[in-house]
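Each of the next two complexes has subunit A plus one more chain, namely subunit B in the first and subunit C in the second.
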Partner chain A sequence: MISYAARRLALGVGQVLAVVTVVFLLVQALPGDAAVALAGDDPDPARIELIRAAMGLDQPPLRRFGDWLWGLLHLDFGVSLVSGRPVADFLATGLAPTALLAALTLVLLVPLSILVGVAAALREGSPLDRALTSVSVGLHSIPEFALAVVLIAVFGVGLGWVPPTAVGGLTPAVLVLPLLVLLARPICSISRLVRAGMIEALSSDYVRHARRLGIDVRRIRFAHALPNALAPAVQQVARTTDWLLGGVIVVEAVFVIPGLGTVLVDAVASRDLPVVQGLAVVFAVTTVAVNLLADLAAFRLAPRSR
Partner chain B sequence: MNTQHSRRGFLGLAGLSVVTLAACSTSPAAPAAATPKSGGRLRAAFAGGGAKEVLDPHLANLFNEAARAKAVYDKLADLGADVAAQPRLAEKWEPNADLTRWRVTLRQAVFHDGKPVRAQDVLSSYARILDPGKAFRAKASLSLIDLANSRAVDDRTVEFALKRPYVEFPNALAAFGAYIVPEDTQDFTRPVGSGPFRFVSFEPGKSVLLKKNSDYWEGAPYLDELEFIIANEESARTNALLGGQVEYAHDLTPTTARSHASGGKVTIHRSPNSAVQGFAMKLDRAPFDNRDLREALFLLADRPQLVESTLAGSGQVANDLFGKGYQFYAGDIPQRERDLDKAKALIKKAGAEGLTIKLDTSTAAAGMVEAATIFADQAKGSGLTIEVVTGNKDTYWADTLKNGSLSSFRSGAMPIESHIAQRLLTTSTTNTTKWTRPEFDALYQKAVSTSDTQARAAVYGEMQRSLHADGGYLLWGFADWIVGTSPKVGGVATAPANTLDWARFDKVWLG
Partner chain C sequence: MKRLTGSGVLLIVVPLLVALFGPLLVPDDLTRGAPFMPEGPLGTDFVGRDVWHQVLLGGRTVVLVALLATVCAYVVGVPWGVLAATARPLDEVLMRPLDLLLAIPSLLVLILLATIAGPGIVALVGIVTLINFPDVARISRAAALEIAGRPAVEAMRMQGETWWRIAIGYIGRSMLRTLAADLGVRLTGALYLVASASFLGVGVPPDAADWAVMVDRNRVGLFLQPWAVVVPAVLIVALSIGLNLTFDRALRKETR
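After this line comes the complex of A and B, so read on.
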């Protein structure tokens, strides 16, 4: 297992480098550069040239990329083209709200999904199972932004139960609606997987055999069937983490949360390449790490799947 | 994003007549807001720029930066209700006979650190903006100052030498970003200005907190504290206002205004004549090098329909001229109306029947894509086909300055003279319509060297007539600028973006 982890880690470093290179090429391919974006509605060509020179954009792109990579090896993310502030500052200030949202989502996601999935599986075909199925299929098909708008209109503005935006800080009350939005879809998909896995496990030979041996039903369900049912769900949790990085962009915009998603949108719009690159590193590292952890966890949960 | 979010600031200054100001100022206010009251913290939500945000007032580019700069700093002059310059830190100005030397007397004012505002501070601020290696926005407006020959006569008197006669020099003093900072300031992490609010704290992309400057030369503000909060999405600004999380939400859409105008939860403030909307035809290339085709386009536009559909009625019809209601606007030119038959005849005469013209547009400014789509529809049946091409919003203005032949156009208000100087002279740096006429350039020089206001108005009138008949700007409407506040907020003037009274918080109170 250690050699497996080491191989995956090496692959992960390669993946991060590949992502960063592709992001660099993509931003290069976008029309205009940071100077043009900054000049905005006053696109005096002479002024744009001055801004460009001040930003160092008159250097060849490959050289800038090389310098940036070299800095990265020394854990130096460079400085924002537009504001001159260190990229590490952007990452540091944006990371806290995004990490908080993502962590809370994941912490709530796993037990809630297991609860819903197991409850449905144990009463397969019952009215409860059918109700849960309909609700989760319905919720799963609502995009985050639409759900967010409806939740804000009803609970934030209409009823006034919770604050409609995060203006003024991330208090527990403020977090309620963003978390609901972020949880809605993953709970649906993961609880479906738990349900399916559980039903399959409960009808498997080893469970039938355990039952015949007279082992306590609860023990069979939760100590034997559930871990096997969870293996596919753990993979889905990892995919959800990737998805969360996208979901927070929408949620942060709608609820005015100054996290990494907001930083990313601003940085792409202003063609602030060092900031975009810095975020790409953070996102890529997170994705690779989470998937690696998920693979290892699935490996532990269900050794049979090797 | 930036609007962006991306609502990038469309700078330049919008104006309105004194009459409309009186008629529209503060909508029916709740009784609590009727009488001025001191104290409290007002939270104002603006779209922001994240990484782009800076506290350096000379770099101000976005609406929130402009509003913050105005709270902390002063300019020598600023634009009044008729979008003409009026004195601010300057108490008065006097030109010499040939308009090449201007003596400006400063008001008795102090910076937040207690030091007086002196002539040296003014010269140093302008020298910073005019630095040849820098790209400050006000640079173009101030570039006709001959700094080497300008001097501080005494602590409160500056004598500016100009490179050529320029009667509109006060417009330059009021230019966007021409703020006065203490001599030799380079570090703006804790800004020190002479404005109505002092700096307290700044979190980039999130908020700026200011507190009242009790020693402000024009009198202390009512508010104890002013907090600028960044909310890029218009819906988020509206929700924060409705949820009582902010008291002021800048830049709302006509739809939002209509939905909430009568609900009683918020007060909607509309500033007429704030932003002009239209299309720019390039005169230096086919097909709009043909005058007949330009006129055909003028006649194809159904302006009332564009105003109704694009601006949801929150605006007025324009007459292909910039600056309705501003000083020197040629209001005597008859309003152009749609005339499909005449347009068809002109298209035929130009030999353009069956021609497909690309109309470049983008979401860089609100309403542009919608207007382009509606206009393309209005051109149906004329013999011309207008094909709407939606481009990249982040680079739109630079793209359409160079490329294409027809593009969406929008501008905030500024003095008519500034609009001409920036966009309609052979030497203009953002001449999108490629209007290059030596006789027009000569008229401009004549206007800015004419001291007599009436004689000058006549020259501006002549220039506007030639633009109306022959020019490349098809301007169909003036959009209202819309701000929402809590009903307990009083003293909000409905002045257009970047005029003195727009987003001016020292005259605002919490009831």
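After this line comes the complex of A and C, so read on.
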């Protein structure tokens, strides 16, 4: 376990470093000069030079990359080109709503997927199983924004059951539709994996043997078969952070939730590069970290997979 | 279940017909009225254009970009994977960088690259290709590795066949089934990326006639004029669900 964890951790650190480098290079490739953008509508060459020096833009790229990396280690992401506020401020204000959305989604996602997957697996081939399978196939990679506005139009505007957007504040009723939209895609893919894993586990030799020993059926299903069925599903949970982060960006935009996704979309619209850069690093590091944790969890659940 | 297949095909056909032939039905002289008014079959949009005309015009970019990007992903990804599987020393060099690309959330890559590249269909196709081709390369590599281990390939090698003949003539042809099975996922994935990006205002002009852009721009008028939002959104949802159901069905028939 420890040697596997160490190797996996090294890979994770490598990925983070590579991602940070790529983000830096991409932003370097952007047309336009940050100092010119900051100098305003009537750029005075002397002023531009002054800003360039202040921002360190006159340094060689390698030096700037080093400075930027050093800043990241201290959670110093630089300063916004538009407002002059530190990027870390943007991250701090946007973090709470996004973290709330992501945490609630994950908390609901795991038990619901297991429930759906196991329910389908225990009645394989039944109308329930076929209905669940059709729905989960159909909803695979459906664009969140389209699903979201249809739900808003029906439940928010048409029936008036829930507020259509989060403009009035983040109350529990506001969160119902965003969570539904965020859950739709991952539940489908994970419950299908749980179903497949469960069906395979239930027909395996050790389950048959346990049945012959007369062990309680519920105990066989949930203490013996289920953990083995979960290992691939846990890894898929990690893969879905990719979708979840993408989904959060879209869902925040649709429901007007002031989270990191909204900050990113606004920063992209105003070409506020330091903010885009900082958010990209945060999102990428989160993805790498979640994947790392999931691989370790899957290893723990079913060590034979490695 | 048979009925479900029918509805799957129907769900694809309607949006596709609108997307491909819709632009032909739109008159050349488009008049503008007041925004969000109930004139015309579906009312007017945020700048007073006729929503029905915009719906007819707006499918073409979404569908074309998704299709083109999928084709490009295969054109780049399949040779990449086959090369990695057959020319062993290149394997690590070719596949390692892709792991990195897969480690960043795809919508984030899309947003970053689109900011750099600026709006335009070519850029959008390129970016969606870049996001999609690592998966294609991985799948191709796995399939090609399995096929390259077959006795038939060994026999060809011993007969002194060229790498080209083995890689393309035998391995490439044997991979077609695996790739066909992957097509549905790839296509809906591309559709998802293209539509989501357009919705976020990435890679398209802000007043483009595009279903996803329509959903975004007309959201402010949802209470006044819901059709301007709901109709394009439903078309996108229908296309996505229809593609999923149809490809899944075809796949299961194939494997049975």
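Simple rule for what comes next: the second predicted complex is superposed on the first by the 265 of 306 C-alpha atoms of A that agree within 3 Å, B and C clash if a C-alpha of one lies under 4 Å from a C-alpha of the other, contacts with A are read in each partner's own complex, and residues count from 1 in each chain.
Everything below uses one rule, namely that a contact is a pair of C-beta atoms (placed from the backbone, for glycine too) under 8 Å apart; a residue touches a chain by one contact, two chains touch by 3 or more.
If you're wondering where the values come from, they're calculated on a predicted model, not measured in any experiment.
**Q** Where does A:Val22 make contact in the superposed view: on subunit B (first), on subunit C (second), on both, or on neither?
**A** second
**Q** First (subunit B), second (subunit C), both or neither: which does A:Arg85 touch?
**A** first
**Q** Does subunit B (first) or subunit C (second) touch A:Pro164, or do both, or does neither?
**A** both
**Q** Per the contact definition in the header, classify A:Ser270: touching subunit B only (first), subunit C only (second), both, or neither.
**A** Only subunit B; A:Ser270 stays clear of subunit C.
**Q** For A:Phe255, using the defined touch cut-off, is the partner it touches subunit B, subunit C, both, or neither? Pick first, second, both or neither.
**A** first
**Q** Looking at the overlay, does A:Val150 come into contact with subunit B only (first), subunit C only (second), both, or neither?
**A** The answer is second: A:Val150 touches subunit C but not subunit B.
**Q** Shared contact residues on subunit A, subunit B side and subunit C side combined as an intersection?
**A** The answer is residues 30-31, 149, 152, 157, 164, 253-254, 265, 269, 271 of subunit A.
**Q** Subunit A touches which residues of subunit C in the complex?
**A** Touch list, subunit C to subunit A: 1, 4, 99-100, 103-108, 111-113, 115-116, 185, 188-189, 191-192, 195-196, 199-202, 212, 215-216, 219, 222-223, 226, 229-230, 233-234, 236-237, 240-241, 244-245, 248.
**Q** Given the complex with subunit B, which residues does subunit A contribute to the contact?
**A** It is residues 30-32, 36-48, 50-51, 54, 80, 82-83, 85, 90, 93, 149, 152, 156-157, 160, 163-165, 167-168, 253-256, 258, 262-263, 265-267, 269-272, 275 of subunit A that touch subunit B.
**Q** For subunit B, which residues are in contact with subunit A within the complex?
**A** My answer: residues 1-6, 8-11, 43, 45, 49-54, 61, 133-135, 137, 139-140, 203-206, 229-233, 235-236, 239-240, 242-243, 245-246, 364-365, 391-392, 394-395, 397-399, 401, 411, 429-430.
**Q** Which residues of subunit A touch subunit C in their complex?
**A** Of all residues in subunit A, those touching subunit C are 15, 18-19, 22-23, 26, 29-31, 130, 134, 137-147, 149-150, 152-153, 157-158, 164, 241-243, 245-246, 249-250, 253-254, 264-265, 268-269, 271, 276, 280, 283-284, 287-288, 291.
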